[in-house]
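A, B, C and D are the chain letters, set down in written order, and residue numbers restart from 1 in every chain.
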Amino acid sequence: MTRSITVTINGITQTHEVEPRLLLIHFLRETLSLTGSHVGCETSICGTCTVEVNGKAIKSCSMFAVQANGANILTVEGLAEAGGKLHAVQEAFWNEHGLQCGFCTPGMLMITKQIIERNPDPTDTEIREGLDGNLCRCTGYQHIVNAVRSAAKVMRA
Amino acid sequence: MKVTGARELPIKPERAWELLQDPAVLSKAIPGCQSLVRIGENQYELKLKMLLASLSGDFLGKVTLTDHEAPTKFRMIVEGSGKIGFLKGEGVLTLSSILQGTEVAYDGEAQIGGKMASVGQRLVDTTAKLMIKRFFKKLVKQGFGQDPDVEDEEETDDV
Amino acid sequence: MATTTTPTTTKTEKYVGQRLRRREDPRFITGTATYVEDIKLPGAYYAGMVRSPHGAAKIRSIDVSKALARPGVIAVYTGQDTKNVGGVICGADLPGLRKPHHYILAVDRVYFPGHPVAVVVATDKYIAADAADDIEVDYEVTQAVTHPEKALAPGAPAVHPEWPDNTAFVFHQVGGDPDKAFAEAEVIVKQRITSQRLVANPMETRGVVADWRAADRTLHIHTSTQIPHLARTLLSIMLGLEENRVHLVAPMVGGGFGCKLNVYAEEAIVAFVSMKLNKPVKWIETRRENFMTTIQGRGHVDYYELAAKKDGTVTGIKLKLIQDLGAYHQLLTPAIPTLSVLMMPGLYNVRNIKAEVVGVFTNCVPTDAYRGAGRPEATHGIERMMDILAAELKMDPAELRRKNFVGKDQFPFATATGLNYDSGDYAATLDKAMQISDYAGLRKQQVEARKQGRLMGIGLSTYGEICAMGPSPATPAGGWESATVRIEPSGKVTVLTGISPHGQGEETTFAQIAADELGVHVDDITVIHGDTAIVQYGIGTFGSRGTAVGGTAVYIALQDLKDKITRWGAMFLNSEDVHFAGGVVTDNKTGQTVALGTIAAAAYRAMKLPPGMDPGLMATKFFEPSNFTYPFGAHIVVSEIDPATGQIEIRRYVAVDDIGNILNPLIVDGQLHGGVAQGLGQALWENAVYDDNGQLITGEFMDYAMPKASTMPWIESAHTCTPSPVNPLGVKGVGEAGTIGSTPAMVNSVVDALSHLGVRHIDMPLTPEKIWKLVSTHAGSQAA
Amino acid sequence: MIPNSFEYSAPASLSEALGLIAAGGKPLGGGMSLIPMMKLRLAAPEHLVDIGRLTELSYIRESAEGIHIGAGCTHFAVESSALLMGKCPLIAETANYIGDIQVRNMGTIGGSVAHADPAADYPAALQALEATIVLKSAKKERKVSAAKFFIDTFTTALKEDEIVSEIIVPLEAGLTGTSYQKFLQPASGFAIVGVAARARREGGKISLIRVGVTGLSGNSFRATKVEAALLGSAGTDAEVTAAAAHATDGADASSDLHASAEYRAHLARIYTARAISAALSRTA
């Protein structure tokens, strides 16, 4: 039994028929071919699947697509402006070398945006606590912390 | 994992022994037991539906009662496997008479495997303890001729 | 002659050495990078694995009927169907090595939890998951053995019934006269030191898309690997295909850390299915599967003995190394502990060594290369032993190390284990680390802290490592690397490298090298890797070899090309006295120039060729290194322990690393930070735990503690530089340095914090509970 | 990774939801406990009733009785509520310790309380606050004290047809100091032990002391022996430490890979002392 859901994703409203058990991450990746958000675990720990639903960063592997019916969703693909101008968090991760293999990066960018929106001038400790729902195996987090701090500075300005 | 402890039952040791050897009683005392069918001397096929909050799983296995030293001591082995993994509990139960009735001391091992083992580690201990508690509660109720599946109307209503 | 072309941008400023942000990053930060799971082929099926929940069992029967009846299920294959496919290949060899045949699907027994017993193929992954659950496997469970020492005990269950002693090999190495050294020793210290199993846990799990195109008799595979060419060779052998009919691509790879330096059963299974069904087939590993079935690292029980004089001079080292191999040999499994033996003396001038390595089968997933591969274990061993010896002699651990360092004038230095250290100044890194951390001041603070009942520790490790794998005779599959540099008719440059970067940033660093050598803008360079149909045969990315070996191949190809360019320039300028620099060939006499772009266009137009020159402008080179490189460093960790709970706080982390020349400091910092995180992970949190019944009980991120942003310290990083003479870039390699240096520094710090209570050693991970128990049991036994 | 199939309902009102639940549906709040279990196929409910979307359950408001927190409030809503931070900071502080930002954005207080994970954070605070849990079914509404609500591992006073609809926490007078102290399991972030303390001091003597403990055993509880030992005392460090030694009285400490029973019990005592000291330091 499928259900019809209507969602606005990166500014585009669309309607799809989905099985109730379809996870939001699979809806994004398989149904919509938005493959920027990734799957890194099945226990809601790693955060590579983080997207924004109605302005809140959530783990899209732990939400059913049907729960997002009517929602406004932002994924990594929607961060940059239409003309290609990068979002401050994207620029900051690039400048500060906040990524290596890049697999965790989309989730890191989405949580960074949330951290800064809620706390425009976070301390390093607040940044680190804010990142705890996102694992990175490459960077040791130091350059990610630098990136968040630097993006916050740009976004405050 | 070690499972040891003791429970006091408000029934006489002879009665407790009787209940613990009776498959009809056991089938109603083992939490989640769907059926217990005799397949040999003191050996029963067990169908179990484990329900704990949202966790649920069907298990097929057996219950074995052995090493009897009537009426004080025997070994109970419960094992089962299903899609979410497998479990095995084995222990010696020792009954002794106390003022309030019977003390049943148990000393054994619980093992889980498969999916449950790799994701549910932190819950094995508390869950095993919970199941043992439920088992004895349901056993005692039967000793008093009560339906073990009827929950006590606990005084939880504050209004 | 055509002389009108788009002029290529020229630049005189050097790129090498700059903190250039990475050129590969836009695809990652915009979510447009293509990893294996992102590849969608029309009509593709999805494979799901059915895996053993048991560590050891016989398979009585497999009932697939229910799965086959499920709508959307295409096929199910079991070990009976795949038993003629070649087994998983082990590339390492040792004298007398026992190699069990490693069927891609279990045939009649399972040997470790997660062992695949069947594959289901369905039209989508949801149905595949349902169908995998439909399959009923009847197992006869047998007793598993999961600890290597228990496996060696008499009467232990046999992992492979044909080898009841569970011993895959015993390997001996002796250097100097260790027996004499120990007989004459004034002090001997001994310690059992374990190095627990770790899970590499790249954020991207493994995954394969196989596409057999029957009409072309060609197999196209996308797989998440560090070694695309080797994987192609090995898979073609397993599948019985001609190698040139296998096209393998490593697309973007989400981390490897050694666990993707392998060829796995699943890669062959998915290819087998695709060939059976004539359809593309995809399989993506879940994290749970990754924990159970992707190789793990470490798994040592080491028995160390150190012989020394009373003045602290270390005269001999003995090691009995028990390596937990797991149930099978993966690509390099038995070779890994031999690297530990090579690394035994660390940075110290110890002439007498004796090692015995026992490789032990257990009912666990195989161990193999994980970041550092054998060297972290050895470094941890020697660095712990140096602290234990220092405690025994009541010497400062820094002084003891300094006393035993190989001197900076002793290079090249032949070790007792047969290596030849290339260059170094070990005292300089230690000095710098001590200066940055204010070691003397820290020791004073520690005295004060102890007076207040606080537990403050200062730990150091002066580590060395074997990098830039490596000379071919010492590397199982060849240790050279390849590069092609192609200047296109427009003058733009394409670099094809045989390594396979997956986060290390060589699309940037190799462009820096090429831009400098050719005097062009870095944006004029494109670096391509990972596709066996495009790139010449190469070895891959592992063993801190990318830049030292792969980068050198690029460099020497560029030299070849520069020679060609110069000859073209000479023809253009009609002069023999010319030189190529800054993107132009200049006549040394007249000062007249001709630009690279002009030359490139002419080389392809080929109206007229310089004498003896072919058309085109391309060079392919294979670089064979003459030696490994030997980076080193000194790490200092300041820690404080909460005596009430055993909780460890890292107050400072100072890392001074000497990795030779640095091409891009930004990228180097990132490599070091990540390495330190993994090393601290082992010291403090990570642990792959199997219970005695063969269950992996830390099988998800819920129980396997990864380093997190909030648990990682700030790393104060600095460098010294002794360029490597092994390659013209003077680089040594940085991928594994942080991991190797950090683990013992951390453990030494915590042991140091408790040393006044009489604590000499703690096995990893240093859980708060362990520390609390030590504090409780040793409290009141304050020695000094 | 892939859950079993199920039927899904998104009722438009609470009464419709309760009807579906009475008919056997399983309530889905934020899904932070349930969905991971479903993905691992350790849970396979046949019918999910999505109550996470009901605005009826999403409110935080004050009455004479206390502060009413709708079950549908996310942990983020709780941690960031100005009303709670001002008048019942313990619950807001506790919410901040749960999981990570993403989990707090999605998970709900009602879902967490109903799930009754033995290592969840809220129960410690709710015990210390003597909170009231409001349970609702299609037939009736009833109120249960936290002390009676949490029965055992994943076991609560909830009946099959009921949901948690509201949590009522007390309005704290300015004199009360509170604190939640948690020892984290390093992988999952769950509490190995978590202790919530609530204290008031009048005339230099402790006039109110409540201590809630989670993680130690199969269920959260109030450490009444600790409370009794401290009531009327000055609350010196020595008194607090001595009283905290009773935190484990009568508790059957759990054991797992991350902490043995002995260590857990030890931590419970240490964290009880720390939570009480912190609470006392925040009293007026």
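Operating definition for what follows: a contact is a pair of C-beta atoms (placed from the backbone, for glycine too) under 8 Å apart; a residue touches a chain by one contact, two chains touch by 3 or more.
Being a predicted model, the structure only gives us computed values, none of them experimental.
Counting C-beta pairs in contact, which two chains come out on top?
A-C
Report, in whole Å, the distance between the mean C-alpha point of chain A and the mean C-alpha point of chain B.
About 46 Å, centre to centre.
What whole-Å value do you get for the distance between chain B and chain D if each is reduced to the mean of its CA atoms?
One centre to the other, that is 29 Å.
Residues of chain C touching 2+ other chains?
125-126, 133, 286, 288, 697-698, 700-703, 706, in rising order.
When you check chain D against every other chain, which residues touch at least two of them?
Correct list: 1-2, 4-5, 38, 40-41, 185, 187-188, 257-258.
At which residue positions does chain A touch at least two other chains?
Correct list: 19, 21, 39, 42-43, 45, 130, 132, 134.
Looking at the whole structure, which two-chain pairs count as touching?
Here the touching chain pairs work out to A-C, A-D, B-C, B-D, C-D.
In their complex, what parts of chain C are in touch with chain D?
125-126, 129-130, 133, 286, 288, 644-645, 647, 685, 689, 697-698, 701-706, 711, 767, 769, 772-773
Going by the contact rule set out above, which residues of chain C touch chain A in the complex?
21-22, 24-35, 37-38, 40, 125-126, 201-205, 252-255, 257, 284, 286-288, 502-505, 666-667, 669-678, 700-702, 706-710, 712, 714-715, 738
For the complex, give me every residue of chain D touching chain B.
26, 33-34, 37-38, 40-45, 115-116, 118-119, 132, 142-145, 148-149, 152-155, 157, 185, 188, 190, 217-218, 252, 254-258, 261
So in the complex, the part of chain D that touches chain C is made up of which residues?
Touching chain C: residues 1-2, 4-5, 40-41, 183, 185-188, 257-260, 263, 266-267, 270 of chain D.
Spell out the part of chain B that touches chain D in their complex, as residue ranges.
Per the stated touch rule, the residues are 1, 52-57, 83-84, 115-116, 119-127, 129-130, 133, 154-159.
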